[in-house]
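Quick heads-up: structures coming right below.
In what comes next, chain A is part of two complexes: it sits with chain B in the first one and with chain C in the second one.
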Partner chain A sequence: MRRFLHVTRGVAWRSIHNTVVNPAILVPSIVFPLFFLVAFAGGLSRIAEVPNFHYRPGYTSFQFVFVFLQSAAFGGVFTGFAVARDFDSGFARRLLLSAPHRGGIIAGYVLGALLRWAITGAVVTLAAAIAGMHVYGDGAELVALLGLGVLMNLVAALWACGLAMFLRTEQAGAVIQMPVFVLLFLAPVYVPLSLLTGWIHDVARYNPVTAVLQAARGLLAGSPTELALAFGLLAAGALIFGAFARRGLASAERAG
Partner chain B sequence: MVVDLAHEPQTVRPPASGVSLTEQTLAVAKRAIVRTSRQRALLVFPMIFPLILFAINGSALSAATKIPGFPTQNYRDFLIAVPFVQGAMFVSITAGVDLARDIESGFLNRLALTPLRGEALLIGQLGGALVLGTLQAIVYMLVGLASGVSFASGLGGALVLLLLANVIAFAFASLGGLLALRFGTGEAVQGIFPLLFVTLFLSSSSLPLDLIKATWFRDIAACNPVSYLLGGLRSLVISGWDGQALALAFGFALAILVLALGFSQAAMKTRLARR
Partner chain C sequence: MRSQIIELTNLCYSGAVTEQPAIEVDGLTREFRRGPRAVDAIDLRVSPGEIYGFLGPNGAGKSTTVLMLTTLLPPTSGRATVGGYDIGRQGAQVRASIGAALQEAALDAILTGREHLVLQATLQGLPAAERRRRADQLLARVGLTEAADRRVGGYSGGMKRRLDLALALVHRPRILFLDEPTTGLDPQSRAALWEEVRHLAHDEGITVFLTTQYLEEADVLADRIGIIDHGRIVAEGTPAQLKAEISSPSVEIMPAEEQRSDRLAELLSSFGEPLRDGRGRVTVKLPRGEAQLAEVVRLLDRASLRVQTLQLHQPSLDDVFLAKTGRKLEGALDADSAPGPAGEPPARRRGRRRGR
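And now, the complex of A and B:
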């Protein structure tokens, strides 16, 4: 266990250190969610005037929740890019040789993803607060909202790390991020599920991200809904992609 | 005289009998087109990504048509302009990265030793991107038509839209070329891409200017040339022949093109002299 924690701490520290000292990595991960927030909450605010759009905290809060969860997911995805880069540069192979407990490598990258998102999530929340976001949830509900973000980050990081370890090249970037991006945007991003029509409504209804998004919006509005389903789906996702990441590591070990 | 640059290592034959600027440009363009067509990942991703967003946002934002004053009943009619501009932005990266690779690999240095003129090299290098832009525009138009988009300006409007889309793609490709010449690395060109995307976000890409509620956002969008590029493309679909919208769109696209090519020409001279 000590060796596991040792490796975890080392990999996580390196991951967050590389992020913080390298503006080319840090800036896009902060700027992108901010621009989504600006574009959606600012540019689309009139959408709240569509008949039957009811969200008590307002459109900025409605969009903040999406961007908050999106930044969590992309915090994980960007960590997958780092794993791929480590394989391209040869660092990951040296790490595999030297780590006394290889399970700690995945845990370290995942912890690094969480720390990376802590920065982005804080900036996005601050920006939304400055933009006039209304919060009706109480302390416990906001902690639960944070919990959803943490789990979202975990699931995305495990997916991204697993795939990066299977593919072991930076060119895997598009393959890592595209499914996450599409899944996020196939949820009710701009209007509530009830206002979606056509195929997007059918897809969004069965999209697991929808339940998480609706639960998170409910928490911010102080009217929790679908909480058990959202946490259950994310926990299941963490288990599935945890196993996927473990297999990815095994694949990398076999490749040498 | 035929100058074939399609296969590296290339040699540019000396102009014994004098090779015209057009011939030089076409030779470099041929190489650029062959190279672009060989990079299937470069062809597919920039084409698919705007279509995915078009499919998703075309449905997800359809409720916006219920906002009083929205110019059309079909949100896809409004949104179809976005893939053309977004695709052009991807083209700019393709053009920039290809040129940057030639700079990094030393190919540009070798060309500098030949009688090839800078203008031919610059315009020719963008040839691959232009072909890619044309291909993309045709695909976007066909997908738009298949998804129920109708042209208020008819067949003639569709052809003008293709022309405008090509001018926009060439303008953005020139911008990519300029970045490559200024910075000299593909990484730097790719690093600029988010900024290009930001200009799309901060425009009238999702709602018409007069329906944007946040004043500060509307002001930014009103000062953003991308809003007018979108406006010109959109006018042909929604309102028919709108001379002002078309003049603004062609005007801004040509202004970007002329400025980018002008600065690129200067940067090319500097780079060829520096190396």
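And now, the complex of A and C:
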């Protein structure tokens, strides 16, 4: 266990270090969600006046929750890019060689993703607060909201790590990103589910991200809904993609 | 013949008889899909504190062997222990007891030299207080103290190699794998690295498994050499044993007066059949080795035959390679046989191209 923790710590430290000292990594990871927040919450703010839009904290808060979860998911996805880059450059082989306990490599990348998202999440929250976001949830509800973000980041990071380890090339970027992007934007991003119609409503209804998004919006509004379903889905995702990441690592070990 | 060499080696290295080998390999094989066997049922033993040179051309299977022994690539069949641990079942223990500098010094361009060492120390579980101290020690040892806080993206090839060696030594491994450590280095850096490898093995007792395609490197550095070609070990022994096995040294003499060349040949005929060139130079093999050189000198002195030049020629490892494989090692170093990723054999890449 100690060996596992040493490896986790080393890999996570490098991930954070490289993010902080390299503006090319840090700036896009912050600007991207900020752009979404400003563009959606600002440009589409009159959606709040649409009949049957009943979200008490307002449209900025409505959009904040999506951008918060989206930044968590993409924080995980970007980690996959870093893993793929490490395989392309050969640095992953150094990690495989140096790590007495190789499971710690996955844990380190995942912890690095979480810590990087902590920076992005804090900036997005601050920006939303400045933009006039209203919060009706109490302390416990906000902690639960944070928990959903953490789990979202974990699931995305495990998916991205696993796929990057299977494919072991930077060209895997698009394949890692696309399913996450599609799932996120086929959820009720701009309006509540009840206002969606046609095929997009049907897809959104069964999209697991919808349950997470509605639960998170409920927590911010102080009226929790579908919490068990949201946490259950994310926990199941973490288990499934945790196993997937472990298999990805085994594939990389076999390939040498 | 091969088993005789191994027995002789065991006599020379008494440690191998009484101590557990640092590296023990039995029938180790690695096959790649749609390709030939990159490593074909090799057996070898390396004693603690020994420098074992693994010599062969590109694509011979050297790097694939190192990848298997360092647990980076699972073997198709066979078994091996490194530091007493099975590479298949005890990978974590193997990795904890070895250091390795692979062919490509895969470094993170964003990290500084010192940060690389601290990261390596963290991965290996060194206590926090010791990480920086160990990094400083190793930076000084490989002459990178001044460049320690520069990003390695700006390092030269030689500096990267030295940092790679330092990284391999962070956790004080008992066994060190160096995969073509001097490829691409200038002569000065190469000599410095050789000196460091000698120091590690002979002063610190670290076992060194070194792959190389350079005859000179294997000759001057290795206590024992395994010559690998097409995935098979074709010869093994000390450099002297290998050379002695295929040929004896020869002495080439140019008399001070060219007209005395006949007399010189007559005198040297007591050692064997003398060979003469058109300029009066006479060459003869010394069947009992270089110790016979003194006899030659005494004979010339008794005959009052003055010489202009006298040269002793030892057989080279290239001669050994030629004798064992039917081709010169230098000629085998062609681009077509360069290894692919993970040391995969050239045939696989050719097959892949055809498949596209």
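By definition in this document, the second predicted complex is superposed on the first by the 256 of 256 C-alpha atoms of A that agree within 3 Å, B and C clash if a C-alpha of one lies under 4 Å from a C-alpha of the other, contacts with A are read in each partner's own complex, and residues count from 1 in each chain.
Basically, a residue touches a chain if its C-beta (ideal position, glycine included) is under 8 Å from a C-beta of that chain, and two chains touch if they have at least 3 such contacts.
Just so it is clear, the model here is predicted, and its values are computed rather than measured.
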So, after the overlay on chain A, do chain B and chain C clash or fit? They fit
Message: Under the stated touch criterion, which partner chain does A:225 make contact with: chain B (first), chain C (second), both, or neither?
response: neither
### Task
Have a look at where A:96 lands relative to chain B and chain C in the superposition and call it first, second, both or neither.
second
Item to complete: Considering only the touch criterion stated at the top, classify A:185 as touching first (chain B), second (chain C), both, or neither.
Response: first
Just checking: does A:9 make contact with chain B only, chain C only, both, or neither of them? Give me first, second, both or neither. second
Practice prompt. Applying the touch criterion given at the start, work out whether A:39 contacts chain B, chain C, both or neither, answering first, second, both or neither.
Written response: first
Geometry row: CA centre of chain A as apex, chain B and chain C as ends, angle in degrees (steps of 10) is 90
Could you look at A:51 and tell me whether it touches chain B, chain C, both or neither (first, second, both, neither)?
first
- Query: Where does A:251 make contact in the superposed view: on chain B (first), on chain C (second), on both, or on neither?
  - Reply: neither
The superposition places the nearest Cα atoms of chain B and chain C at a distance, in Å, of 15
Residue set of chain A touching chain B in the complex reads 24, 28, 31-32, 35-36, 38-39, 42-47, 49-51, 53, 171, 174, 182, 185-186, 188-191, 195-200
Counting only contacts in the complex, chain A reaches chain C at residues 2-3, 6-7, 9-11, 13-14, 17-18, 21-22, 89-91, 93-102, 253-256
Chain A partner, complex, touching residues on chain B are 41, 45, 52-53, 56-57, 59-64, 66-67, 191, 194, 197-198, 201-202, 205-207, 211-214, 216-217, 221
The chain C residues in contact with chain A across the complex are 67, 70-74, 91-93, 95-96, 100, 102, 104, 106-108, 110-111, 115, 119-120, 122-125, 167, 342-343
